[in-house]
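Each of the two complexes below includes chain A, the first together with chain B, the second together with chain C.
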Partner chain A sequence: MTRYILRRVAAMVVTLWFIVSATFVIMHAIPGDPFVTEARLPETVLANLRAYYGTDRPLGEQYVRYLGGLLRLDLGPSFKSDTLGVNEQIALGFPVSAQLGLQALVLALALGLGLGMFAASRAGGLVDGFTMLVGTLGISVPSFVVAPLLIDLFAVRAGWLPVAAWGSFASTILPTVTLAVAPLAYIARLTRASVLETLGQDYIRTAHAKGQPPLRVLVHHALPNALIPVVTILGPITAGILVGSFVIEFIFGIPGTGRMLVRAIFERDYPVILGSAVFYSTLLLAFNFAVDLAYGVIDPRIRVERSMS
Partner chain B sequence: MRVRTMLAATTALALLLSACSGATTPGGGTQAPAGGGVLRLNGAINPDSMDPALIASRVPGEIVTTLFESLVRLDDKGEPAPGIAEKWSVSPDGLTYTFTLRKNAKWTDGHNVTAQDFVYSYERSLRPETAAPLAANLYYIKNGIPYNKGTLKDASQLGLMAMDDYTLMTALEAPTTFWLKLTAFFNMLPVHKETVEGKKDWTTKPETYISNGPFKLKSWTPNQEITVVRNPDYWNKGEVKLDEITWKMINDSNTAYQSFLAGELDAVTPPPALTAQLIKDGKAKVYPAARTDFVRLNNTKAPFTNAKVRKALAYSLERTPLVDQVLQGQQKPGLGFIPVGLSSGAGEFRAKAGATIFKEDAAQAKTLLADGLKELNLTAFPDVALDYITGDVNKKIVEVLQAQWKKNLGIDVKLNAMERSTLIAAMRAGQYNWQLYSTGADFDDAINLLTQFQTGDGYNYGKYSNKQYDALIDVALKEPNAEKRAQAMVDAEKIFIVQDMGIVPLYYGTQTQVQQPNLKGVRIFTAATNDYSRASVK
Partner chain C sequence: MIGTKSRDTLAEAVADADALAPASSRPGVLRALLGHRTGVVGLVIVVVVALVALAAPLLAPDDPTRVDALRRLAPPSPDAPLGTDNLGRDILSRLIWGARLSLGTAGLAALLILTIGVGLGMIAGFYGGLLDDLLMRVVDVLLAFPALILALAIAGVLGPSIASVMIGIVTVAWADYARVMRGQVLAARERQYVEAARATGVRDARILARHLLPNVLPPILVLASLEMGGLILTISGLSFLGLGAQPPTPEWGAMLNDGRAFIGSAPQLMLFPGLAISIVVVGFNLLGDGLRDAFDPHLRD
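This part shows the complex of A and B:
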């Protein structure tokens, strides 16, 4: 098992290095210079700025210096913000994005699993059809349509919730719901299909025959196996939530890392772009690794496989 | 039955978990008007800096205008009224301004505001190490240019002198009729030396943010909001009614507008798609904006090297349908370059030059185009794509231009959407043929926009060049007599547009705002930063 973990960690480091390098190359390949804006700075001032931030050095040297900074966990200064370096910006934005993402994930999981199981247990009926219709809509309607709709209904007309910004718990409700809609739909559909398939297995019939109550059969016998596909997509689902948060944060004016990244791209704030790439990649890689480890817990067959390799 | 119970339990669990993971972050947003006296605005994005010398954009400019006070402050009509300076006098040759400062103006740490503060602040803005993006506004000060470029190292050679603690003298390169108004501009606000010199983070905390204006910094929660609170030590506090002003940071204009509808904001710029209807319903206020939208032509690339072709492109457009039916923001057709509402130093420029200086004439345009192409040895209008910055409004504009040029000139113009920074990079490198662009005045004088087209000017991205034009602008930069100066600028515009048509002007812009009915006293200027310090919401 230890060897397995070590192998995975090594693979993660290599992947991370590759992502950083690819981002570095692509970033410098797009036209546009962070210091060349519409305002007219004299050449000497531009030269000073470039020297200060090191952008006048050859690209290879900038790359190596950046990697060196990464080893010290220093993501560098921001080219645009006078007062906040990249580490500070991420430190400010991440708790916000994490709260939003976690809330959405929990909501999507809980409701998605619940709806999926409910539909599967009532398979073929009206309830099942209706639940799946809602699921399809959830996947198809984009968040930038859902968001203004929810804002209009619940904030402007009803006045129950604030429109935007971040601060009180109430202000997190609409963004969380908007962000959870698509993952919820995916999870619901997948759970339904998976539970249905599992319910058709022989061992379920055995359980029923032994006189187990239907709920116990569902939760104790069927669900763990039905969960495997859901756990599989947890990685991409989280990625989707992370990326979906960019749009949500922008629309709702939420001070998270998603909004920070979008702005940095437009303004060519290279350190923030690179830093975000590093940060998000690390998160995703770590999360996927955790999911893989979780397999070992859910499915004993996989655990055995690993300890033998 | 059991599954239903389980579903209910799952849902309850989900909500419970969500509640547990939620935590209130400090600096929570306000949801309802806090009992009058608090003005809530939208700042859209987190300011990159709150240091007056380093600011280059509108919203941080608005914020520091409430926090600091310069020599003058613009009154309701946009005219300079006493600020830190009680009175001033100008030398007969128009080169020297002497300001007498009041003795009761204080910094928020208790020290008096002195003439040395202004000398220090302007020198700092011109210092090359400061890298002030808008240092060019201080080039009117004697020796400002060489000092900022680094060729002059001795700061005492700058045209700035504190004759004593309360007398400031500014010596200018040339007579500058708009100098007084310019000192109110946000990057000419004074800063407190002991707080600022050598320190990096003085702007981030209220305790270290020493200012001298109607308000002082209460809190800055990055990416969330900035709040300023009334300054009890402000010398003119009788004029200040608001208790606090908050700028939230909602990027999306639609969300900001919905915030306004829900009563969470007191004034916003409405989203472009809704502007026309709001104006029609009388819910939005429209102000002129000292901005001209135009098509920049690369005068070094064919066919734009030929004046007849350029004129053909300009005469063949129908600007009235563009502004009335497409833009619908009460913009005015641009049949000249300098926008309405901008001063010539001797009255409004357009009043002096004439509201329009050329005519739309499709028939003449067709002839001009044919002649121009023949002179260039071209059989048809070349395949040059019109660049524009991606966006709904820009897309509509270029599609209208495309349709009108097709209809009136019979040419097919391809359109090329570009991301903002990419277009600017191409513009600065001269790697474009023509592009949709706009230019706005930073201060209330036409010279602001006219210098951009002098040969060799840093902003002359279209490489327009005419020696007569250059000479007239040089006159305008040095002429002490306001009337003569205004006439030089009027003549320069005639050469630029009527004779050469160096660009294709489209329309003069406007700014729109929706305001809650109880909001009063907002100063929205044509060519200066909005001033909310005298507003009230009661």
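This part shows the complex of A and C:
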């Protein structure tokens, strides 16, 4: 197991290095100087700016410097903000995005699993039809359609919730719901399909035959196996929630890393774009790794295979 | 020369016999899709929208970019069936031209993704070795990348436009197909019909194109249909943020962003483009689900 973990961590470092290099090259392959704006700064000021940020150095040197900074967990200064470096911007924004993402994940998991299981246990019924409808609409209707609708209905017309302000719990409700819609739909569909398949297995028939109560068969016999596919997609889903929040942060005016990235792209703030890519990739790799480790706990068969290889 | 020719045909006859099972059930796939209730709904939606996109110049009642200050934010009327936007442009005409843009860009992106992904995946799976290792390394990196962020970054670097959004998306999205395809080819490579074709001297390119491709295509078609929905969502999402289509281009995502300020006073600005995107994406997703069920013999019986 230790060897497996070490090997995975080494592979992650290599992947991360690839990602950093690729993004670095893309960022520097574009013609144009990020400091040249409509404001027309004097040449001496531009020279000072370039010297300060090191963009007057040869590319190779900038690259080595950047990698050196990464080793010290330093993502460098931002082009557009004098006071906040990339690290500080992420440190400010990420807790907000993480809170939003976590709330959405909990909501999506609770409702998605519930709906999916209930629908499968009464396949063909009313709840099942409803779940399939939610499952299709949820992955098809984009968040930038859902959000304005929710804002108009619940904030503007009904006046129950605040409009575009981040702070109180009430202000997080609409963005959380919007962000949860798509993953909820995925989880509900997957859970339904997986439970349905498990319920057709022989050992479930055996459990019924020996007189186990239906609810016990569902919860104790079917669920543990049916949940494995759901765990499989938890990594990508969590990543999707984290990354996918930038449209929602943009609409609701939430000061998270998503809005930071969109702003950075408009302002051509390359260090922030590069830093975001590095930060999100690390997060994504770590998530997938954690999920892979979790399989072993949930499914003993995988643990055995791994220890034998 | 005659010798090689006849050997080639022989190999194909052998291979065809081996491939007969999946090939003969192909009419069944269409029948299964047509018997799939929601799949048919998806098919109808996709076909209708595709026809609207093709016939946009004939169907649109007005020029989608014609500004008319005298009828700003007008509600639906015989003059403008779905009302007008904040610049007095006819919303119906913008939606119809928008269908052309959305389907066109998503379709082109899907075609590029499929060509690159399927091509490289097949080559990697068929030849193996160093080439395979290298390609799969690249695929691993791309799959570990937060795809949307890379697409965003590329689009940002190239400057906001539909083309940069497409380049950004294609750059990352082919990797998934390459991986699926490689797995399919790896499995199919050991099948008898491939062995037979190779034993009788059929060239590699021909084996790949004529013998392997038809047999590994079904799962790719399902993925592609589901991918179209996702592509339309991503492209219109980036346009909504202002990174894709630029004004005055009639694009659904951009129209939604234009309408944000008027949701209370003139809801038609957001309502109709929102409906358009949702219906089209539902269509592709239902079609994809239907295709998957149709291709799956377990479910068909």
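Following the convention adopted for this analysis, the second predicted complex is superposed on the first by the 306 of 309 C-alpha atoms of A that agree within 3 Å, B and C clash if a C-alpha of one lies under 4 Å from a C-alpha of the other, contacts with A are read in each partner's own complex, and residues count from 1 in each chain.
Note that in this section a residue touches a chain if its C-beta (ideal position, glycine included) is under 8 Å from a C-beta of that chain, and two chains touch if they have at least 3 such contacts.
Note that the structure is a prediction, hence the values are computed from the model and not measured.
When both complexes are superposed on chain A, chain B and chain C clash. When the two structures are aligned on the shared chain, A:Leu293 is found in touch with neither chain B nor chain C.
With both structures placed on the common chain, the touch criterion links A:Thr176 to chain B but leaves chain C unconnected. Once chain A of one complex is fitted onto chain A of the other, the partner contacts of A:Ile26 are limited to chain C, with no touch recorded for chain B.
Of the two partner chains placed around the shared chain by superposition, neither chain B nor chain C is touched by A:Ile204.
In the superposed pair of complexes, A:Ile273 makes contact with chain C only, with no contact to chain B. By the touch criterion defined above, A:Val156 lies against chain B and chain C together after alignment on the C-alpha atoms of chain A.
Residue contacts after overlaying the shared chain place A:Pro148 against chain B and chain C alike. Look at A:Phe250: by the touch rule set out above, it reaches both chain B and chain C.
Once the two complexes are laid over each other on the shared chain, residue contacts for A:Leu137 go to chain C alone; chain B is not touched. In the superposition on chain A, the residues of chain A contacting both chain B and chain C are 30, 148, 151-152, 156, 250-251, 266, 268. Within the complex formed with chain A, the chain C residues making contact are 38, 137, 140-141, 144-146, 148-150, 152-158, 229, 233, 236-237, 240-243, 253, 256-257, 260, 263-264, 267, 270, 274, 277-278, 281-282, 285-286, 289. Residues 30-33, 36-45, 48-49, 80-84, 89, 92-93, 95-96, 99, 102-103, 106-107, 109-111, 113-115, 117-118, 121-122, 148, 151-152, 155-156, 159, 162-169, 171-172, 176, 213-215, 218-219, 250-253, 255, 259-260, 263, 266-268 of chain A are the ones touching chain B in the complex. Those residues of chain A whose C-beta lies close enough to touch chain C in the complex are 15, 18-19, 22-23, 26-27, 29-30, 136-137, 139-145, 148-149, 151-152, 156, 239, 243-244, 246-247, 250-251, 261-262, 264-266, 268, 273, 276-277, 280-281, 284-285, 288.
Those residues of chain B that touch chain A in the shared complex are 2-4, 6-7, 10-11, 13-14, 17-19, 21-25, 27-29, 31, 45-46, 48-51, 54, 56, 128-129, 131, 133-136, 148-150, 200-201, 203-204, 221-225, 248-252, 254-256, 258-259, 261-262, 264, 419-422, 424-426, 428, 458-459.
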